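Since the structure comes first, as structure tokens, the remarks are kept for the end.
Chain lettering (A, B, C and D) follows the sequence in which the chains are written, and residue indices restart at 1 in each chain.
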């Protein structure tokens, strides 16, 4: 990881913001709590859970209904979709900043949201929301009132595609993203598919093709970079690990894009990024080096004819969720972007 | 699995063949021994190991140099490439039948072999050998003097491609095969990459692109089915399981091939196959149902534009190695094909 | 494993019994179905599930209420305790034989049952039931009308203790049994403790001391062998595997019991047992060799002062449940004891 | 964890010590490097490896022979036994402080060392060395010239026994310690027993009884607390996880030691310890909460007759090795004990 070069102002780094965490006991919520507890510019004032009244990271858990929303500067929403948007709307109208880890603010229109999530959008007036993938969209996040934190597959796949898409280098052929993810991405809901005996010893594709809810999100953000790309073919796979996400992406590049020019595009894109490591030539991304870490890794692979292999990896609960939320908080508040993350 | 319909003659099923197993202590060799021990038409006369003199499945292990090659009807070679070909040549000249699980007889020419294996072929006069993927090549295996048993990735990927390739349905676009394999495929050689601590919690691409030695083998056999296909882009991944192999294959189909016609091609190809299960529409192949089993499963996925998703899975040590060797033995000897396997 | 020496009569081995399986979709029920499907003397007439109407191993699943109990010779009950006992009573009064895999018939009195299971016994007139651990209790199982199949920990621990207890060699000191079990023992019930993310990477003691329901069952059967033993101190641990159970047992032996005499007692106890392997001196029991197998292994360890270490292992779903049920069926019906199991 | 109460002097916390790490690429060495890199009072001047010249945590690896030993204030030795002692002797004679993570300085006499390690001691004049288990032996570590860092099983078992032993509460009966450890404890040496396929799905006792080299170390330190205890019966087990160690300890307590008094002894022992958590009554130690953490947890279980169950857990590479080494460095240098560890 390259260190950030811009120095923060002294003023901003001294400030401590009061924050609230909605949904503290889920897998992402737990990581978020532990990161915020050590964050020098954050003070967790409250944290919510509907199922527990225990103390977590020094904070007594409350139900959402009892959370003192207006007592804080910012809230993190690690809530189910449908619910998060309602709290986001309350927070915004009360002048409280929001980082929403749910899917509620990710799609730009209520219509698209309803098509994929099968119910009306809980807060359509908040759409479109600033999309919290700082490496792609940093400028729109500084001082934002609210930020939508991306899905884990979305972050992984977009980091693989971004350097070429922003240079209009992709053809109109299908973009193939084959991802392998730890089961924590399915959350704590009790399902047979998440039981140890079922996951152990298996690799299982699911929602293959254009079925997963991250498909419209990837395409929406990708089209903002390059409009004339092909359809996404997306096959996620559950692998028997707890955390981690690897994307193996296969794309076709336009004539004129040879290995050297491709490499240069990736180096240009990520040379100053503190939380995205571009691996040296000849290396591939894999899960272990980023598990329990707050950064992502990206590797440019071989070009076979006009088909390019790109691999990218991150911890689905961290750069794919909680640590990206903290990164967005840092950008929003003009704190050094890696505060509390390295 | 559909049951075989053709009844074997009484004569053939009563016969017991004396067999020898070269390389009995490797992961494939161990499975092979256990299958042959229960096989009603096989009697293990000897088994070799260079490192152990123990009794295994009732047979005392010998070094290769002491194995009574000419005392048996057939030998199975679970030896390293380079060595297996030498024993194969000795066996063939002695009139002993051979099922070679190594890579030595898989590629059709000594030149191609040298290009990929980096040394001269040990027995070029045996090339090209009958290629032991019965579902594709059964006719050439009956009564063959020797058979080359396919690589595990090759079997998995070819079973996914066979129904369309034999109908000339593939375009000239790149064929993308993204596989996920248990680490037993790397064998018992002591390598840091095979240690528990390294594999655990990781998913790791390796030999990505056109680097893996199964690439020329897949392409060679595929071209026999359909000559004008595109290049193979092959990215295998190590996943933290012991056995099992899943291929997620992305291909483009020619105009005129809609979902219904594709489905029909797969049903036609596998309807009478006892050891390949075609899953119902809407299902995907996954590893757990075939782990420790002798069959493969294949599933036709969605067609996104002209990109088709196919998944296939098997146990890399069984249908990807040892049980396919027994299947080949059965075909070679005109025994019922599933003898000792169901 | 030593092969059985006694030859079955031709008459008994030709007979095919119609059987029913109650609770076919649980982890033990699934194994039971697959074993019975291949059993030459069993014909599965019906199988029940409250949640599924699918075909499993060629049999269409029915709810319990629709199962034709009286149409079969014997039933296997892989049902929750409380329910199993009711069906057992119906079957017995209808003259149908019963192998009950639940806990309902394991404890000898309704009072002890109520103390540990917290509700009235569903069929107190069936108590005490013949206890289906054939290696200890074979004589009482032949031609029994109903048999209670032991708990998985109970089988593992009793096989470790049996050779010494039947010789009255144990002192009155506490018997310490430290077991390590795969999570399939907890069944398919959806619980946070059984989720992949929770089990992965953990080793967790549970019900430590004299809390687990297998405590009274172990002590009851142990006391029948040797009355004056000490209390059982039992600490089971969940380990991150799907199947398998290892017991490390620490006992004190009376004066006069040296290593040689102890060894002789174990050899005497297991020399003719086809489904219990006594390991050679210097070896320890471990899980991998018995996972997915129908036998148990036992090893006598070092004697440190008067403290003896014994290890034993089995597959909790097989010799700890389903394959032991089939073994009991074989004994009950005077079939060769390993029919369908080797 | 209770926070440390004693405030460090300003002087000590401002000081930055130059340190060298011998053996930086082993599993413990890697953790040690990452901890020292973030340690505010340590500056890694050099790090050694015999196999790699790469950059690790910003330091270029050197062979031992080229390491500038005298350029640093302190060295950490994560070297094989036999080798570590030689470097320790050189360092001590050069006035460089030593924290030795190997076994070389753990046993108090060269004779005992030779008995267990089968070769002459490399530096007998350094024996006995201050034993670096701060919770038990803190006073002797402050300002020590060299410290012997304990074995992982030793730390885990002694933390379970310490509160009672220091009160002379144990009887002369055998002390039974049944441990479950991740395979990283076996190090990076290439062994079949450490391969993924071998460890996966297994639980395996090893060195059972009084065979493991941690036996004399546990007994030596235990006898310093209470002289008249019984022999240790020690059975370690490999479980399929990478890191973590759980000890389930069974001891007999003297008359007069009821549950309440036992609980009080543990609370007294650990109430001010920042890196040992005593769990509340009714809880058991398990591995997951301490994996990748620098603290240990201890739980007092049930008293069955006079047999007490105690569980303790830690990360074998951290509180069982590298983070305990940093803790010892902190104590040695009079830095706040948890510096760089929380």
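One rule holds for everything that comes next: a residue touches a chain if its C-beta (ideal position, glycine included) is under 8 Å from a C-beta of that chain, and two chains touch if they have at least 3 such contacts.
No experiment lies behind these values; they were computed from the predicted model shown.
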Strictly by the touch rule at the top, which chains does chain C share as contacts with chain D?
none
Between chain A and chain D, what's the gap in Å when you average each chain's C-alpha atoms?
38
Whole-angstrom distance, CA centroid of chain A to CA centroid of chain C, is 48
Considering chain C alone, which of its residues make contact with at least two other chains?
198, 201, 240-242
Based on which chains touch which, is the overall arrangement a line, ring, star, complete graph, or other?
ring
Tell me, which pairs of chains are in touch?
A-B, A-C, B-D, C-D
Hey, which residues of chain C end up touching chain D in the complex?
174, 176, 178, 180, 198, 201-206, 208-211, 230-231, 233, 235, 237, 239-242, 244, 246, 248, 250, 284-288, 291, 301-302, 304-305, 307, 309, 311
The chain C residues in contact with chain A across the complex are 27, 183-184, 188, 190-192, 194-201, 240-242
